[in-house]
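Dropping a structure here in structure tokens format, bear with me for questions.
Chain lettering (A, B, C and D) follows the sequence in which the chains are written, and residue indices restart at 1 in each chain.
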């Protein structure tokens, strides 16, 4: 009944969703993102056994944007006691737009979860406090996980984000006013935007995130990044909060933990089996890759995998 | 590594969580609920193969309260086109208390999902429009699913709920003002409170909900209640929205789709394997059974089951 | 410098604002209001010395709608200790639309002031508790104050309002859920809508409200309706909260205490001197009579009267 | 009936309200304010004819804080077309705490009025754009209006405010994200906090603000600061929005346009007659001087002046 994974299967799926291109909208709040060709489409899979599959523009790098929020959290879990993290950021869905201040004000500066901007900024603030060179450290992490030593930040994107960072600055200052932000706002924003400006391909993303399908253990590392329980917890939070205000719809249609970025990338996880990365720049109304979500939906059906 | 299911395992788990009794708070907004002994504790499991396990007060009936919201939605899916349902109620987590009007007003009377009060009231309104005797029909459904022909409504609880129904009346009238409520408010509230006032035991609940672990097919019925896809969708919504404003925490700790009621019951699902019902009246700050959640958390660990 | 009051002055002002007709929008949420001709335009003045002036359709009756909220409060002040009233309704501007539930929920069912719907409903609820026949009593009050024994409710308007009362019912039930509503919701709504459905002319309104310019003393009555201090307080609340969410703009432009209704009427007060009533059915974006506000603005300038 | 103004009358009033000291709370969010003795109490009156009256600590300087918002607006009115100002800030009461971001976010970064922090920050931003030395310019203005060439900023207070400015920074950045803030946030905050840190006495404040009782014309200047209409408009806005979330209560009790500061000062206006300044550091729950408000209430009664 369920089809076996293969490059051909991935090709078929891309062919099926390609007609959706034109129905979404490329993120245009910064020029560097707006100019990415709308017809890019790629997918890559990495299994826990190390097998990889790919189709389309799976080797072309793009701006991973909010997908980096999962990486920040993962690094934070290795540097902080869990209770220290969850004292400063919650684990619940926000039910609000990703960059809303309303809830943050009502809830005394404690963000709902680490995957909305406010939460990710708190996590970056924590990394800033503990890491001597947080930007360099993140590069080391993704280079090690992906096996690609030449992954770099897109300095132009980071600069452009920073020039449009007023709302994120407002969020950070609001948390600071509630005592939930330790470092200089500008410095943390710089780190945050660099993380968002990581350029990685679908294949690199699939390789990087396979630890979330493998009890927290990346095949590229000797030691687990996080423990089994933490792995399950990240996956749980990706389901409830990983897809902006479209988490319910994504769970409903795709049935996998996932995290999207406005660059059009999505990383998804089949627990104990594989990680999947898709990329197609046009976004739906919730800010998630339109064709990318459709590709994951079809893939889930074809291989018969849904956590539900 | 993972322990096999057995009555003994369930007994062990109950013994482990029983000390938590005294740390929560029995729902007291209506007298009929407040007077339930706080030390009741039961658990029951029903596998897709029809095996059952139980421990504690698993055969004692209690008020299922909001667990009934899953049943209403299931019945609605059998009577309406999906698009008709989702035009009137969303699929996203609310990020708000279960009985909030704030979001409902900002979002023009369309509730976020069918598991908050507003959403369940819309679903009841839809049933009222299509079923000739919605209260009788629900009894038939649960009697058939559970195999217990003597399940009834607790008339005293239903009456008591109705006498404290001002906020739910406000919710219903607000939706009516936006054109998202068809029937007489009082009539629908009566139906809604009767559904909440169903008295069922853990074992009956486990048997009733095993269809959610079995592609929508209850062993008690010839025909599937809902199709596979709808089954996955309900499970997905239970994860993102089934536990009031503690959905993230529950997903994080337990890792199963679940739906709780203020009577202290929780129904949880291991897709393709089993349904689990627990009951312990004291609630945590989010309104979910405190010891019940703990029991599910331990069970998930012991049998090595988490969807994440 | 300041022009003396005269019928001619009022005629001139109406001529000046008549061209504005066509730029506003007649209230159309109930048919009975929607069918009022948009070109009605009237003004009447009543001084504390009993002199009256008028122009245009000043003798034609219309639905006074929310202007009645000032009368309800006045009657309540004669039946309750002030502290009992202000324990249940505030005195602050709401900063929200007149029929919002959001603030009411955040503030535990206590409305901001008696001139928004929630506040007026609480006042009606209080009258219901103390008056044996609240509808008849209000008729007696306005007949006595205006000197017109044939003032009646427009039963068709009252019925039509009631048929569109879902949002007001939601407001009342929400307050009831917080313990701030004593009587049957439907009964109080009936009273409330009857008060709104009073039909009075500009001249009758000017005569009725001259007590607000005369230390609470109506020339038509032997005893003061309210005392001096209460008079000042009502005037103060009319300035901060009498014009829906256009109170600031009205204070800014007209500089008088005022209360408007969606029927297109406005009552305004020059303390110690006169009451003024205008009527023109088309409303501005804030729900206040567009030409009526303009007429009051010009009148204030011409006679050199502003409280500021 | 009404008592004539005299120093003795003012002494009597202070004696009457002095027992209230101890019932309020001195602002303590910055140390420099917290250490002001709580028993300071002063009042000064300046009539449009140039007569002055005073009692208590009327010559002692204190931090005028938000009273400066009226000065910023006045200066802005002399440098900008009115329409340019009201395009960026509204005229309506906010119904929210003075430093709320919630409404600002819902309303796209346009503050409700110039007397809440957000609105005053926009006004400062406008001054920053047009004045070559906005801090020096404001000193010149208050020195000229008060006739006291030695008025200065309290550098320690300004610095201390700046060190606790996170929430105001959040507000400014949020407006910037909506395009309603032109200059560097830090620079404007510096200007804003200096204005708040003006040290002036009651007598200096009364002399400074008498233009609001005199058609916009200060006796100290040859030219009017603002025109008559603008004067009325500022007074109107002070009534609806000058007293944080206690504007309704202040209008209700005192019946004068007023603007308070957390330093415990209040400036009030009897149009066409006089300006009044009071100072007593302890604040009520709304952030207004507790004894100061009481003094104004009694003064209004004694001299028989209320705009209502």
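A few notes on this one:
The criterion applied here is as follows: a residue touches a chain if its C-beta (ideal position, glycine included) is under 8 Å from a C-beta of that chain, and two chains touch if they have at least 3 such contacts.
Given the structure is predicted, the values throughout are model-derived calculations rather than measurements.
Fewest steps needed to get from chain B to chain D, stepping only to touching chains, is 2. When the C-beta pairs in contact are tallied for A-B and for B-C, the bigger tally goes to A-B.
Inter-chain spacing, taken between the CA centroids of chain B and chain C, is 48 Å. Between the CA-based centres of chain A and chain B the separation comes to 32 Å, rounded to the whole angstrom.
Of all residues in chain D, none touches 2 or more other chains.
Of all residues in chain B, only 90-96, 103, 112-113, 231-233, 235-237, 239-241, 245-249, 251-252, 255, 257, 271, 306-308 touch chain A in the complex they form. Within the complex formed with chain C, the chain B residues making contact are 100-102, 105-106, 166-167, 169-174, 176-177, 181, 185.
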